[in-house]
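See the structures that follow.
Common to both upcoming complexes is subunit A, partnered first by subunit B, then by subunit C.
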Partner chain A sequence: MLIFSMLSYRTAKLCFASSNVALTVLVKPKETVTLKNRKYSNTLDLKPLSTSEPGNFSTLEHFLTDESNPARHTIDDVGLMYTIPKEDYSKMVSSQFNTVAFTQQFDKQVQSLNEASMVIRQPGFEIVNYLQNTDYTAPVNRYVIHGPQGSGKTMLMMYATHFCMKENWLIVPNYNMWSWMDYQSRYKPTMKKEIMESTWNKERVDVPHRAVIWLDTFKLLNGSLLDNIKTTQKYQWSKHESADIGESFSSIVDFGKARVRVATDVIGAIMKEIRVQDASTMPRTLVTVDAVNAAFCETKLKIKHNVYLKAHELSYGHNLKKLMTSSWTNGAVITALSKPFLEKNKKGYLLPGSHPYDLLGQEGFDWLDPHIPIAVGQYTDKEILSQLAYYKDRKFLTGPCLSEAGEAELIQLSYRNPADLAHICLSAS
Partner chain B sequence: MLVRYTLNLLRICSRQHALTPCQCRVFAQPSKGYAIYPTDMVDPQPSPEYYKENLPEEGDELSIKKIKAASSSQTYSTLYNPTIDKFTNLIVKEGKKFAAERIMQTTLAHIKLVQLKQYHAATESEKAEIEVNPTTVFCEAFNNMKPVVNVRSIRHGANVYQVPYSLEEHQRFFVAGKWLLDHIRKGKPSTKAGLRIAREILAAYNNQGEVMRKKYELHKLADANRAYAHFAWKRK
Partner chain C sequence: MPIRTDNDGTNLMKKKHVRYSEDYIQEKIEEYKLGVRRLAVMMGRDPKTFTEDDVKSSIRYLFPSSLTSVSARPSLDHPADLFPREIRVEADSHGRPKNYLFYTMSDLFYEELHFIYSCLLEAQQLDDRNYEKKIAPETTLDLKGSSWMSHDEVKKMFHNIKLPMYNLLISQLSRLAEEPYAYKYKNLIMKYRVVFQVQIAAKLDQLETKVDENGREYSEAQGKRKTAVADVRVYSKGKGRITINGEEFDDFFPLITDRQVVITPFNLLRMNLFFDVDANVRGGLSGIWMSEKGSSPQFPTNPKTSQAGAIRLGIARALQPFVGATNAEILRRAGLLTQDPRKKERKKPGQWKARKKFTWKKR
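Right after this comes the complex of A and B.
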């Protein structure tokens, strides 16, 4: 099985044959925009704004689509930008609960420009196409997004969640698996967490404070959808408190937020209901896990001296790993890899490569087998030019950077890496 | 080692005044800032357009005089700005310029974010007045901070007078930069150094803040003591 999956990275068609995706034929777009011939191109897309500045091609006329729903994006929109509506973005970001859904640089950009817009990319379009045409009576598909650091794996995952939000799916978020496994929060290092023995099973460990934040984000994301979902089992939280059969999800979530001790058990109950129930009672579900390779290595939490817990010994990790199996139907699991978290965990140990097998390890690769690999790379010519055009239009870039030499320098310095480009443009004039 | 050796040589030379004319050309004016280059050489310009526009003519400085070697930080990059590069050199501690550059990046980023937030919240008529480019904001604010005069205490008879004297361009830059950094290094370490600089710069852009207050006080003091200005030429 392992060898089969390893092979499938080279020949992608093999992997599609194993999964239950009804493939649609993807037509390759005409690549009219290239940096080499940009000076002499006569296409409709490329037009210099003024004749006084020839060669200033960071100002494309058509770089933004009006369509805000990812379901209605066509192959012509790939490489252009689109804006996420403010109502959707405020649900997705949930920065009030100290969880960063998008990247930090993107959040800064949104704060200043007062609108959230991102590039529509080929792999994102591919995932949405798969999600639209999958047979949901069969077991769930697992998607693994992989690529070099800063190439937009997280942003691509958020593009898929935006699609599912518009289709009224139930979304189970995990914006950063590593944040469960460290005492310190990554985004707020002064905040320390407490761990305690689980009330449900004494062999496992709870992180109650983090669990309450998860319940908050879960409620904000799904909103009124939780009122219609009912439980199919009686849950005994403690001696006197319990949830009967037919109680709605929203009441359980509110109970978990009020009782911090029980919050992790509530998460477990929610995840169990998703696995058990049919399509008739449960809406279609999306499980997103960022930094999924953290779920298959040691944590930094410990109860005894010098004995570190493993991810499945956390009750949250145990339940999430069950969700990541293909034992349930009517849903999808989208995971993204990240390299820096794993390198941080093992100090002084550099990974041999960025191949998914190197990052996930033997255990992780077996767990997610078979899966659909989705590779993300650096920006193409069309993507980077439309991004720069957007920056100029919103006054994010001004001054000498907009000349032809400045544009060429930005492209060369960033190596077309989306994160590096955003970082350089932030301080550039 | 080589630089230190030459500097020591210069010091010895300046004291003994026993140089031959040939040596004088090599170590010209050693007492003034330990200059390694002779005075008749010209500073390099960090833009290719300068040399394209000003082609050498007969009797021109460029045709006659030699040009000094450019420092390693001077580049033809479009991201390069000479005033910002100079200010980063002031921030440097223990020769860690990379850390200073990162601090400078955060200041420019923060200035840009604050200005852009104002720009997109404003109406169309107000938008023309708001400056978005962070480097121009930084340079303008830094120009506001620069003092014109400074005060030096000179003893005359039994009294000590605060004697005002005019500053040169490089001195004005240094005094303003020193004030800014002194103020910032008193701040809380929990906030980033880059953020602290940016806040002070944005205040100075609107003629407010701690550094601007310092400048106005100094100008007031110099104005009060302008009667003693002639003591600046007093023989010691």
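Right after this comes the complex of A and C.
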């Protein structure tokens, strides 16, 4: 199976055929905006420095779509921007619980503009298309989003999450797997006491404060959907406390938030119910895991001296990894890779490459086999021009940035990398 | 310079403001001429064609000196250069100075200032008159290619000029130069201006564009900085794509500051996204320190900064045949065509680094 998946990165068709996705024909957009059509493409007609003046404004006028639901985006909307409604955004972002759903750059931008707008990209459109046309009676599909650093893997995952929210799916979030694997602060000794032996299984370890945060975000995201979901099994939390058959998810979650010691067990119960129940009782479920490669390497947590825990020795990690297998139906698993924390993990050790196999390792690659790879790259011409036009329209860019020459400089300096472009524009203004 | 002594034997060099009468200097000049004549005979040369340069070379030959200080070496100077003259004042029979600005300490300078102001008034009156008659000035004064004289240069023209006085002169002159009829006083203004000696940019004839196997036009150049060496190839009609050692631009330079350094030539000419760049870069680490065993612990230095500088120089050089002479001149004036001569300073024995010393302990 490994060889097959390795092949699939070269020939995407094979992989699509293996999964249960109904393929849709992607039509090329009618209007293409390229840099070649613009004024400054002619080298020889350029005037010397002293006479050229800033003031030629970008001619792109149509850069925003009015459609805020990702389900209704068409192929013509790809490369334009759309705005996430405020009520949706406040559900998705959970910075109050010390975890970042979107990127930090994007949060900063939203704070200053009071508006959450992002680019609709080709792979995002693709992934939504797959989710709309999948056969949900078959085992779940695993999607692995990969690409260079800062190319928008996390943003793509949130785009899919927004789609599922609008379709009333149950969402099981994990905004950063690595945050479960490290102490909040390694330099404060008091922080290190926050891990404990699991009450359920003594071989595993709980991280109670993180579990409470997770329950909070889970409740915020799904809201009233949790009242209709019932348990199918009796759970004995402790000697005197238990949950009977037919108890709702919302009451379990509230119980877990109240009793911190039990919070991790509640998460385990929720994840088990999602796997066990079928489409008649459980709504369609989306599992998102960012920095998924963290789940297949050593943690920074330790109980004994110099012995670091493995990810599956955490009870949360154990349950999440079970959820990432294709043993259940009526749902989807979307994962994204991340490189920087790995470089932090092993000092002075550089990874051989940024290929998914290098990041996931043998274990991770076997675990997620077979999966659908989704490649994210740098901005295309249309995407970067609409992003810049948006910044200009909101008066985020001023001065020499407004000229075509300034625009070209921004494009070359960022090298079309979305995160770098945002970083430069945020620091320039 | 020889030590000048009085008849009593006191050192005149230590006395300040000593000035010599015209007769005394004339006497010394005649002595000098005799001496030069004698020297020419000694050297077996014709005294009539014996110049001051010959005097210098013959003194160097007769009294060879390896002293490093130039002023300490033996020399034979002209008395006019050696002895400062007395200031001669034009005075009447009672001894009163004729110039009414004599007591300002620098009469010629203030006389010039008065003259400039009178010219300014004239120009203003002319402008007012012609404005009523609706007559436009014939030409304009073009001051491009020259700048005002510096303080030191003005000092040579007048005696005893201080900085505030110099500022006064320049402000007065620039007021005159701004007038529409300033072209009438061109001689006066240009007296106080220095014309630039324009240097021509690098020889464009040496750099020629070549054509690729695929029919693409390119030019090659090499750039260096510290120990980094970059071989750069710039393609015309590109899309702003930059590859370094086979890697993409943003992969090779994760820091934005390094990228900014590399694309400065394009930024300056406003030609981003016009060219493609393919570079091979090597070096940049201080290799001796990294490899030596038993040396003091050193943090690994970042080679990327010097590599970025080397690539920048290579790009600027390779751009010249594409952008033409005027743009190449812009690059040269921005300092992008000159190599940075700075190098890492060597470690000295008896201390930790180039400058850092061992900790001093009494015992």
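Definition applied: the second predicted complex is superposed on the first by the 397 of 429 C-alpha atoms of A that agree within 3 Å, B and C clash if a C-alpha of one lies under 4 Å from a C-alpha of the other, contacts with A are read in each partner's own complex, and residues count from 1 in each chain.
One rule holds in what follows: a residue touches a chain if its C-beta (ideal position, glycine included) is under 8 Å from a C-beta of that chain, and two chains touch if they have at least 3 such contacts.
As the structure is a computational prediction, the values presented were derived from the model and not from experiment.
Contacts of A:Leu426 after superposition on the shared chain: subunit B is touched, whereas subunit C is not. Touch criterion met: A:Asn114 reaches subunit B, while subunit C stays clear of it. Of the two partner chains placed around the shared chain by superposition, subunit C is the only one that A:Pro148 touches, whereas subunit B remains out of contact. Applying the stated contact rule after C-alpha superposition, one finds that A:Glu409 touches each of subunit B and subunit C.
In the superposition on chain A, contact of A:Asn417 is made with subunit C only, not with subunit B. Looking at the shared chain after the overlay, A:Thr398 reaches subunit B, while subunit C stays out of its contact range. Where the contact sets of subunit A with subunit B and with subunit C meet, they give residues 405, 409.
Taken together, the subunit C residues at the contact with subunit A in this complex read 236-237, 239-240, 242, 248-251, 256, 259-260, 263, 266-274, 322, 326-327, 330.
Subunit B makes touch with subunit A in their complex at residues 77-79, 81, 104-106, 108-109, 112-113, 116-117, 119-121, 132-136. Remark: subunit A residues 35, 40-41, 43, 46, 48-49, 52, 148, 405, 408-409, 411-415, 417, 420, 423-424 touch subunit C in the complex. In the complex of the two chains, the subunit A residues touching subunit B come out as 108, 111-114, 394-396, 398-401, 403, 405-406, 409, 426-429.
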